[in-house]
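Each of the next two complexes has chain A plus one more chain, namely chain B in the first and chain C in the second.
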Partner chain A sequence: MNLISIAFLVFCAVTLITYFIIPKKFQWIVLLLSSIIFLFYNNLSIFTVVQALLVLIPSYFLGRKIEGNSNTKKGKRFLILGIIIIVGQLICYKYINIFIESANLICELLHSDRKFALIENSALIGISYYSLIMISYLIDIYRGTCKSQKNIFKCALFMSYFPILTSGPFIKYKDVENDLYGEHKFNYDRALKGFIRILWGVFKILVISQRLGMYVDVVYSKLTIFSGIYTILAVLAFPLQLYTNFSGSIDVIMGISEILGIKLPENFNLPFFSKTITEFWRRWHITLGVWLKDYIFYPLLKSDDMQELNKKCKKKFGKKVAKKIPLYASMLVMWIIIGVWHGGAYTYIIGSGILQFIFMVLEDLLAPVATKVNSKLGIKEDVFSYKLYQVIRTYLLFAFAMIFFRAESIEQALFIIAHCFVWNLNIMLDEEFYYVMPKIIGLDRYDVRVLIIALVVLFIVQLLARKGDVREKFLKQNIVFRWGVLYALMFAIIIFGCYGEGYDATAFIYREF
Partner chain B sequence: MKEEIYERLNKVFRDIFDDEEIIVKPETTANDIEDWDSLEHINLIVAIEQEFGMKFNMNEVTTMKNVGEMVDIIIAKTR
Partner chain C sequence: MKTKYKNILKVTIFLLIFCILLYNIFNILWLENHNIENFYDEPKDTLDIIYIGASTVHHSFNAALAYNLYGYTTNILSSSTQPFSAAKHLMKEAEKYQNPVLYILDIGRVAEDLNARRSNIRQVTDAMKWSDNRTNAINEMLSYTDVDKKDYINYKYSFLLYHNAWRSLKVTNFEKNNDLYKGYIPSPNVSEEEIYCDWDTTDTMELDEKNEANLNDIMEYIKSNNINVLFIVPIKEYKEEIKKKTNSAIEILESNGFNVINIGKIKEIGIDGSKDFFDKDHLNVEGGTKFTLYLAKYLKEHYNLPDHRGDSNYSSWDSEYIRLKELYKEMTKNDFDELLEKYSKIEQ
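Moving on, here comes the complex of A and B:
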């Protein structure tokens, strides 16, 4: 069941109606049943249930055991056991192919003819999300941040709450506990706000992301035909496609949850206004960043081994350098994990892992140098033009890394990079170009116009969002304006939504992760 | 006792953030000190642990909201 489909619409409507008409103390049971149906419907296999139970049952019982043993050795043993079980099954189901690929690579390096066949990806929708959520649940109980859930069915709801199973955001037990099991009255204002958010998300996906996607897909699938300006445009369009798709689906998810009365943490904060890659990752997929910081990065940095490394470096290189070495080492580990989590293929490890790490280290090392050079040359850093340059630079760096993320192999990514450097801008002066191109790329002049207008609307909304909650401001307007805009948005989705031929209008780029 | 802790904290903060002007107050947060980001947070925590001879647990590291809360934990643990 895709987030944008008639099936999901009906599913949500039934869930919402049932949720608000039954006695409030049973509301959480409706959510649990909906979540089970959602999981099962998406994967249509008995393995779905087995897989989910394999995570739920150990997490539940170990959670109970850990609770009385917070911050003790005994508690730690239960915690480690829980993490091994959850990570173990995640690796088995999701990442088995990367081991096979690595084995094949080693065989190739050793000039052996042996090749292992890849295993059909049997990873289930939601598994990456609920695995990480349950790890955080166990760690939080161990740390004493939250108490364990006594009722296994309530625990099951926390693990499988349906809106977040396709693309997050990651939740923490302490943050959602009260909302998830609490009693909620239907609230018109809240429902309207949720509805606006859902519409905005659908607009981003169907009007913007799908159109950009048609172009990007054509270029990436016919690499030998396109070069120069076409390739550059595809490379530049992909981050926007990914963003409108991913943040759009998050909007739909947050909107549904808002109507239900369950507050979820924000996952995006206008990432394309970031001045550095470091800042970008504080604004993009925020809940994954927080998860990694709380459960991997901080414990790693604070570990005795890293502190030992810090001390040794201090003696050898002095205080300033010593501080950086454990930091970079921990960052490297974390970024490799992000790459692995994103899918495990080498293209992901490079694109959404190692390259991001390199950018961040370079930023950290070069920032003081750049400041010195700028002050010598008399370049002001605190002016609009300089900030604009930084924002564009961040976008370009991210777009560059995303070439690897989007490409099917490292060779393909290198091929694309090489083909960006072909001069063919003059083609655009050729009249014939405008008749032939729409047929090849599947976007005609009308599509391009719609796309540009939609991107301008997106940009304006984002500019407004920098100064506060756009929906709050919107709801304060007069009723005629409010409903005018809402209808305009609805009709824009219906008329300009892109349900292109042969294009799966509902395939979310991020749902695979 | 609190004044003494704040004095010692000032020393640690100045050392970590290389800024002799820093004076921390109970309501000081990461937003008030330019370089206090998530990366520098752990260096600060470890330096404070060494200064006061105590250990924060990870729950405290990730949930403390300002210097005031930090000082409360230090007092509780060094008593």
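Moving on, here comes the complex of A and C:
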């Protein structure tokens, strides 16, 4: 069941109606049943439920055990056991193919004919999300920042709350506990705001992302045909495709939760306005970043091993350098984990992991140098043009890293990079280019116009969002304007959306992770 | 409480306006108009004959002329390359709105592959009103094709395709299509090549399993509903294999007591392969007029058909006939009555 599908629409409508008409004390049960149905329907396998139970049952019982032993050795043992069980399963289901691929690679290097077959669909929808959610649940109980859930069914709801199973965001137990199990009256204003957010998300996915995806897919699937400006445009378009797809899915998820009365943490905060890659990752997939910082980066940085490393480095390189080495080492581990979480293929590890780490380290190291050079050359850093340059630079760096993320192999990524440097910009001056290109890329001139207008709308909304909640401002307008904009948005989706025959609206990029 | 009702009212008005806008937008985006859609515009129980089939029907039978000559009404329920698997569902659809004396089924495609082009299936199912019959028609017609079952939804909800028609929107999309002429589409052109249209084989060849099952299904439906049906093999250029298979179909139909007319065998109509076709499948206006004169008279003589001429409720049939004559004049610079007189004399 995809987020943008008639089945999901009906599913949500039934869930919402049932949720608000039954006695409020049973509302959480409706959510639990919907989540189980969602999990099962998505994978059409009882194995999904079994897989979820294998995470739920140990997490629940170990959570109960840890609660009385917060910050103790005994508690730590239970915690480690819980993490091993959850991570072990995640590795088994999701990353088994990486091990198989690696084994095959070793066999190849050793000139052995032995080849292990890859396992298809071992990891089912939701496992990446609920595994990390349950790890955070156990750690938070151990740290004493939250209490364990006594009711295993309520615990199951926390783990499998259906809107977040496909694309996140990551939730923490203490943040959602009250909303998830609480009683909610239907609230018209809240529902209206949720509805607007869903519409905006669908618009981003169907009108922008799918359209950009058509072009990107063509270029990435026919690499030998395209080069130069075609490849550059695909490389530049992919981050936007990814953003509108992923943030659009999050908007739909947040909108549904808002109608239900369940507040979820934001996952995006205008990432393409970031002036550095470090800032970018504070604004992009925020909840994953927070999760990794809270449960990997800081514990690692504060660990005895890192403190030991710090001491050793202090003696050898001095205080200033010694401070940086454990920091960068912890960052490297975290970024590799981000790459692994995204799917584990080397392309992900490089694209969404190591390259991001390198950019951040370079930013950190070069920032003082750049400031010095700028001041010597008289370049002002607090002016619009300089900030624009920084924003563009950040986008380009991210787009570059995403070549690896999008490519099917490292060789393919390198091939794409090489083909970006083929000079054929002059074809843009040829009038024929504008007639031939639509036929090759599958986007005609009408699509391009729709895309440009939609991107302008997106940009304006994002600019407005920098100054506050756009929906709040929108709802304060007169009814004619409000309804006019809503109808425009709805019909833009219905008419200009890429769905139905000839389109694959089901391709959600982040669903795979 | 007051706010609650105010909000309910607001949502209701909002949705109402949305539905009205949606309905109108889809009417504009609906790119094609078919005879099947026009069928719904005919007043209830005013049609005496329903003529179902592929484009051979709307290029050959001039229903307005038949009305003008004998006073009975015929609806052309045809579409381009209509698969024969559509016939049963179109009969069912017609039954809902009309009570015709006779159904005519064009069986020019009875032996053709049922794995029809998607657009040909859509021309039937997109034009049908929403009902169980439409859903069944989609399911059955697609079952003969290699369309994945999960894609059937695109046929059930036509807007999944038509929403995309904005890119080829023309001024004509905003106008009501008046080029109806009671379903008849005349062409003044003459095929450059002579069309070999004689039915000179009596050989038979077994029908494909699916085609035979489909034919049996239609016969069963006709029998169980006690419907009066005439089967017509249209005149066109056939492949030898199709001719032989069609002969088998004719044998099956006749052995089940159905009346079949094979137009290619009837020399008295006077269809001339060198001047009466505009392509190898379709009669031009001259061939169509010859065919209509023959079939209209045959129907009048063999079936108990009423004469509605002079009845003001049927005035659209008179006006469409006049429009058709004007169209003929516009296309050929000749007078349609002269053409009619010429072929009427030949017939006499």
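Remarks
Assume the second predicted complex is superposed on the first by the 509 of 513 C-alpha atoms of A that agree within 3 Å, B and C clash if a C-alpha of one lies under 4 Å from a C-alpha of the other, contacts with A are read in each partner's own complex, and residues count from 1 in each chain.
Just so we're on the same page, contacts are C-beta pairs under 8 Å (C-beta built on N, C-alpha and C of every residue); 3 or more make two chains touch, one makes a residue touch a chain.
Since this is a predicted model, take the numbers as computed values, not measurements.
Contacts of A:W341 after superposition on the shared chain: neither chain B nor chain C is touched. Once chain A of one complex is fitted onto chain A of the other, the partner contacts of A:Y60 are absent, as it touches neither chain B nor chain C. Once the two complexes are laid over each other on the shared chain, residue contacts for A:Y188 go to chain C alone; chain B is not touched.
In the superposed model, A:W483 makes contact with chain C only, not with chain B. In the superposed model, A:Y93 lies in contact with neither chain B nor chain C.
When both complexes are overlaid on chain A, the residue A:Y243 reaches neither chain B nor chain C.
Of the two partner chains, chain C is the only one touched by A:G497; chain B is not.
Of the two partner chains placed by superposition, A:F404 touches none, neither chain B nor chain C. The contact sets of chain A with chain B and with chain C never meet. Put simply, chain B touches chain A in their complex at residues 37-39, 41-43, 45-46, 57-59, 61-63. The touching residues of chain C, counted against chain A in their complex, run 3-4, 7, 14, 17-18, 21-22, 25, 29, 151, 153-154, 157, 159-161, 163-164, 166-167. Residues 6, 188, 444, 446-447, 483, 486-487, 490-491, 494-497, 499-502 of chain A are the ones that touch chain C when the two sit in their complex. Against chain B, in their complex, chain A makes its touches with residues 71, 139-140, 143-145, 278, 282, 293-294, 297-299, 301-302, 307, 310, 323, 327, 331.
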